[in-house]
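There's a structure below that I have some questions on.
Think of it as A, B, C, D, E, F and G in the order they're written, each chain with its own count starting at 1.
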């Protein structure tokens, strides 16, 4: 019961969080700002998938969360590398 | 949700096509990418949605518990995603070379081979 | 241009990621994963290495030219599909063996898994070829 | 011998994989190029023979019963197309040995050629709609790279248009397949044919049919979707142009014929009439485009479009003789158009340019080459007794029988304009006196050893001989085309071959 | 008979080689073939005179009803003998005329191909076979007119002749096919007996017009006559053979051949007669304006072809008789005159009648030959031309309804023929000797033999008309008229009105000859006619075609990728839109309540991200937004039970973003390049397309005709394929072939990326 | 019991994540934004995964959850460091109220090498820290 | 020794035939206790000292993490910005790659501070600090050196 309610609240909060992060992504102003927003969205998505796995009793989705966590880090690093390279 | 996704897909198509209609080659390729997402989502939606239940047979069972999501469109989309990835990678390098050899990213200036 | 922090972390992450990619490949037949995702993850791991160190370092680490991986992967995939032809069965008919392995019990090994391995190699080779040659630009 | 069905895609794939592994050794790749394509041609002929003798052949990949697994099917039309792929492949492979530069050979030219053939053969043989998409992509991807290989500016510009428009087509194709699956719940074409044949919501099916029409229409380069073709076909090395010109657009035509004889026959009055209109417009716009051009390969490229119109004209008429005419036309066109491009390459090697302005004097200098040009050129224009004449004749006749006089008039008028175009090349490149070469041009002409000339000329001569043979002995080819058309027009056999007697 | 017909093609293959072997005498040797054919076919005379026909048939493309069938009756035989006979002479002549020409070998080949095609044409029984040979004559004619291919004039004339005749040829093809449909057979021998059926067929008129278009263009009938004089660019033997004696008569042959099937109707009579008369007069008048020997002859040939057409159009027994007799006479004298003109040209280097004169001393034999031919052309007894002309007058005079205008027109044309005969057969040899570019000598034997024999045969036939009358001409006339009749050819009919007309003709002709220069001057003031002539139309038409083609191509193949895209999108919309609209509104929308709130926000996320991607002024910002779209889509996959998809999508999306980043590093920044209006238009198009897609999905998501096949996969995945993850099992087993293709695509993409980055030919060259 | 704990963990995690998102919108400059996202989000995701581990109570799930948590904690700071360093290098402006910048002028523009000069830290406006204090 | 512990855990889980998280955790704990008691038999191992150190460090770190997170949270949700940020150089005692990286990463994870970069000669770590209270830069430096750096070095050396 507790979990059921918590899940709904969590999903709501995460939904809002995703949209907020998008605001930063759209606004920038600098490229690193957007990268930060994208990175955050990746983490938020990890959270969202975790919650969803709980609400649906489908732990297989956690695998998706793992892969996302692994890979979004890589994306951020690549982006950062690009930012730095372009700056020179 | 099919209805909502129908609108999302339509909007993605519109966005992708609009981007492709720009003169900038960079926007063209972003448009193409969006179009790819739209097409995949379309297959996903058109063959019917099932919430959450993945087509994986649980331990101790010999077939998945109904209702489960249709695995076939998933496999098709997976194939399409992978193909799209290859195409996207190649197209990216292609525009990179095109800009390098042509010295511009303005598609309107790339029309020497037509007439 | 390299970062000490990144390269140090990468030293830990690389084996972890590679392990996980093989894990994804092996269990893909029963749970989410498979040759494609596994191959991509392995490629991503090497890409991380290339960012942390340099493309040259990654090429040295790989020993094998990624392009050879592509050819080999394709051949494995074809061979796994063509094997049943010899038995007069249609192309890609799954052939299964269930050897008894101590401690692990009965294992199901089949040509589809071999095929998936081919996929893994191709995807790894392809993604690496693309990323490394682009990064060398 | 069901193995014959899988070998046409498999042989090129194996050759490609081996070529990739022997990346550094050009000579191995060159041997593989000829061996692979020759093997393909041999297999294809065996397959055709088998289909001819035993009827439509089908095999279930993976042993899964249709419609669940992927079915490979060869009816006569498919088998003919595979033979043509093998033929074109072999001709171009041999020609490439002498014409492809070492740098391109070192950068994957041969594996790409193999994969192109693989995709083409797969597309011809598959009995599954989504699998068709995959083969299309294999073929497209290989063609993208072949087109861009070398990285010259014109290649890049051409490739961007080619790639973009073909990707639009793929996206549309994919979407249409998805929706069709959503509605009919299957991907096997025979199964789809069976299920679509008793469907109440034919309006939706027709809408999907139109999406397929546009998607395949782009690939086939019909009016008004052909822009990618003239923008790109003249930019890559000539061997690539040749195989593109001969094979690629025909895969689109193949797909159109396949789905509009097997799947979408609910509203023939609308869809096929539409195809007929498109056919006419395609013929006319293509040939008009060619008239404007002054470059050997550009002229040929626009003519491809024009002749696509003829190929789908038979489909639009949708009668047995008409479809037979289409099949005949495709056979004729593939051989002839490939050959013309190969000739253009020789001309360019002799004179250092594809521009008619800079060509000239070939008639006097190389009478043999002149004949080798005239044969396919006149055949293209439909001059008797060459293959093109019978191709045109069968379509015109079917049009007259179907009382579609407008399309007949277009077909005949366009063939006159084709003749005009061909004589333009003839007059400028062959009859006209040799123009003074600029020093820069001189440099572009590399001296060639004798052996390389025979590698260039043998494929041309063989294809020209086929062109003559198909005219002088048109009967066997026409019988074949008619039998193929019979199978196309009576899908019941096809469905039975794939699904068995079934419900 | 088949070997006889095809022997020419075989000979063409070796002619070139023979010429290389035997430069001097090749012409004579090759001429043995037509000579042999002449003798061979002469053997048919007896059979055919007896009222029989000779026919052979081999299946060629039986599925299409095409047979290699040949059929010799009187009409064919007359043509065959002309073709092989004159062919023999022309080949001999060519050897002398083009002596030393580097491409003489090819010339022999072309002439032989032409001859064989012509034989095939006149002997063909099957309509399609006839057409095949018909086109081959056009083609060989193209190669022969353009024989002197380095001159632009020759190339132009060759193309003109080809286009005009091929245009007619295409009409002819359609006509013949329809004729076959109407008559139920493609064999002419069968059709000949089904004339009633064909004439009653609803398609009779189109059939007639189509076939006439073929015949008229080939036989240079007004207004298609212009190509013939231009074709005089060809070497003279070609002009003599093709453009006077044989090829141009193919159209006449066709009219004659099909007369029993199509003729006899009012429309036939009016059209054929009218065109023939117009051609006759126009040709004759234009002939007078020329000064070039060959052009004068060419226009007079046009006129003669008009006469033949005119009389075939009349279709009365007398008219047909006259036409056949005139045809033979004309072939003999016109061939001779052309050859003479060629000899004169060859020896003097000049062809302008004003600059030629007094050659009879230098070239006595040629002069004699020219004189004989000219007398025949002028219609003087005792030459064969006289008989022909008399019969024309008789038939014209005897025609009902229009006897007077017709007769006067024919007389006028004949008068001009007299003048032309004077200008071409007498003028160069009589009068004062003029200076010419070359010093004239008598031509070599090969050059005078042909005209001499032709001239003499005109004389011989005139003296002994019965020798050919019954055996050769009479069966020909029967074949044309479709009924038996007898032909009594005599030189002297006694004093009758036609003799009087002949006298008038001769006098008038002499007058015209005398006043030719005045006439020419007068005509040149009428330059207008040439400005308005059909040749002008030809070039206008070609120019118009070019303008149209250029405009169309500029419009369509503009080079702007975005217009291509617009057109393609518009096409898809234009096709699918109306169809969809006709289905009415989408079936009941799914209720919105079913949608969960986080699904709403996910949808919003995707849409907003797409919007950001569009609006972003920063490239990498757009890429980041694109990544969000991809992540959003992956989350959708999560929500609806597709973990494999989601996993792959996340992975691919991230890698794609990395690739974008790697590439964009080298690319220029975004610039806003389009105006607001353009952007609004594009947005409109894009949104419409999106709306279409949405509508289709709404339609199809509620439609399910049949249960899906995926139940099978769920059922058998574990027991048969040993896998629990059904998606993966589909990928590697059920539909493994897709995956094989997919990894091939990837492999190719990698090769492509590698090659594009590492292989830069242009840069390598510049190094 | 474990239900309650995982419920609490879930809510805490979600709260942290929302905070991170609010922070990334509200904070005045890139560096302060990163301050909020790197830890709040990581912590949030961590506690959610922990909640899932408790909730499912299955070894496989737990192992996976712990694996992701460790991975997140291992990589998030590295990512932040990479972005931060790049941003600083390309001159993304610091908030106007930043009181000190000892990194200024220490990057070699060409080699991207960072020079250490701990004895003479420099403030943003070029004065030594000592004098600004 | 860690491997021993794992092995014991596996044996426990295998014997009980139950691979749920709680059971495995129990197994691990039991194994640890058994091993700890057997120290005299097996000989003293650094394993136990390290484990205790790690646990202590983890608790410290978690505490820091939560505390600082709350501070940031406060800043985020209240309308005014309380932060006094700055970029600070910290001289390093940590020497090896691992030490430096770990320190830097932990600093980043602790809210309020963010490692920006390490100087090429590895002598200085530059961090972005969000709350330089009373503008006392040295206090921040001291806190990091005596807090995080000391504990990290203790743990790793």
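To be clear about the criterion, a residue touches a chain if its C-beta (ideal position, glycine included) is under 8 Å from a C-beta of that chain, and two chains touch if they have at least 3 such contacts.
Fair warning: this is a prediction, and the values are worked out from it, not measured in the lab.
Chemist: Once the contact rule is applied, which chains count as partners of both subunit C and subunit E?
Modeler: A, B, D
Chemist: Please indicate which chain is farthest from subunit D, where distance is taken between mean Cα coordinates of the chains.
Modeler: Relative to subunit D, the chain with the farthest C-alpha centre is G.
Chemist: Name the most central chain, where centre means the mean of Cα atoms.
Modeler: Measuring from the global C-alpha mean, the nearest chain centre belongs to D.
Chemist: What is the chain whose Cα centre is as far as it gets from that of subunit E?
Modeler: G
Chemist: What's the distance between the Cα centroids of subunit A and subunit F, rounded to whole Å?
Modeler: 14
Chemist: So how far apart, in whole Å, are subunit B and subunit C when each is placed at the average of its C-alpha atoms?
Modeler: Taking the average C-alpha coordinate of subunit B and of subunit C, the gap between them is 24 Å.
Chemist: In whole angstrom, what separates the CA-based centres of subunit E and subunit G?
Modeler: About 90 Å, centre to centre.
Chemist: Using mean CA coordinates as chain centres, what's the gap between subunit C and subunit G in Å?
Modeler: 34
Chemist: Got the subunit A residues that touch at least 2 other chains?
Modeler: 14, 16, 18, 35, 37, 52, 58, 60-61, 63-64, 66-67, 70-71, 74, 77-79, 81, 84-86
Chemist: I need the residues of subunit E touching at least two other chains; which ones are they?
Modeler: 553, 557, 559, 561, 565, 639, 641, 643-644, 647-648, 651-652, 654-655, 658-659, 662-666, 693, 697, 700-701, 704, 708-710, 713, 724-725, 731, 733-740, 742-754, 756-758, 762
Chemist: Indicate the residues of subunit B shared as contacts by at least two other chains.
Modeler: 20, 25, 28, 38, 40, 42, 44, 46-48, 51-54, 56, 72, 76, 78-79, 82-83, 86-87, 89-90, 93-97, 101, 107, 110-114
Chemist: Identify every two-chain combination in which the chains touch.
Modeler: Touching chain pairs, listed by label, are A-B, A-C, A-E, A-F, B-C, B-D, B-E, C-D, C-E, C-F, C-G, D-E, F-G.
Chemist: For subunit E, which residues are in contact with subunit B within the complex?
Modeler: 553-554, 557-562, 565-566, 569, 589-590, 592, 594-596, 599-600, 603, 606-607, 610-611, 613-614, 619, 622-623, 626, 629-630, 633, 636-637, 639-645, 648-649, 652, 655-656, 659-660, 663-664, 666-668, 670-671, 673-674, 682-683, 685-687, 689-695, 697-698, 700-701, 704, 708-710, 713-715, 717-719, 724-727, 730-731, 734-735, 738-739, 742-743, 745-746, 748-750, 752-753, 756-757, 762
Chemist: Subunit E touches which residues of subunit A in the complex?
Modeler: Against subunit E, the touching part of subunit A is residues 11-12, 14-16, 18-19, 22, 25-26, 28, 31, 34-35, 37-38, 41-42, 45, 48-49, 52, 58, 60-61, 63-64, 67-68, 71-72, 74-75, 78-79, 82, 85-86.
Chemist: Spell out the residues on subunit C that touch subunit A in their complex, using ranges where they run on.
Modeler: Those in contact with subunit A are residues 1, 6, 17, 20, 24, 31-33, 37, 41, 44, 47-48, 51.
Chemist: Once bound in the complex, which stretches of subunit C touch subunit E?
Modeler: Subunit C residues touching subunit E: 28-37, 40-41, 43-44, 47, 66-67, 70, 73-74, 77-78, 81, 91-92, 94, 96, 108, 110, 112-113, 115-116, 118-119, 122-123, 125-127, 129-131, 133-137.
Chemist: Mind listing the subunit E positions that touch subunit D in their complex?
Modeler: Within the complex, subunit E touches subunit D at residues 59-64, 66, 103, 106, 128, 131-132, 135-136, 139, 142, 146, 149-150, 155, 159, 162-163, 166-167, 170-171, 173-174, 177-178, 181, 545-546, 548-550, 552-553, 556-557, 559, 561, 564-565, 567-568, 571-572, 575-576, 579-580, 582-583, 693, 696-697, 699-701, 703-710, 712-713, 733-738, 740-742, 744-745, 747-749, 751-752, 754-756, 758-762, 764.
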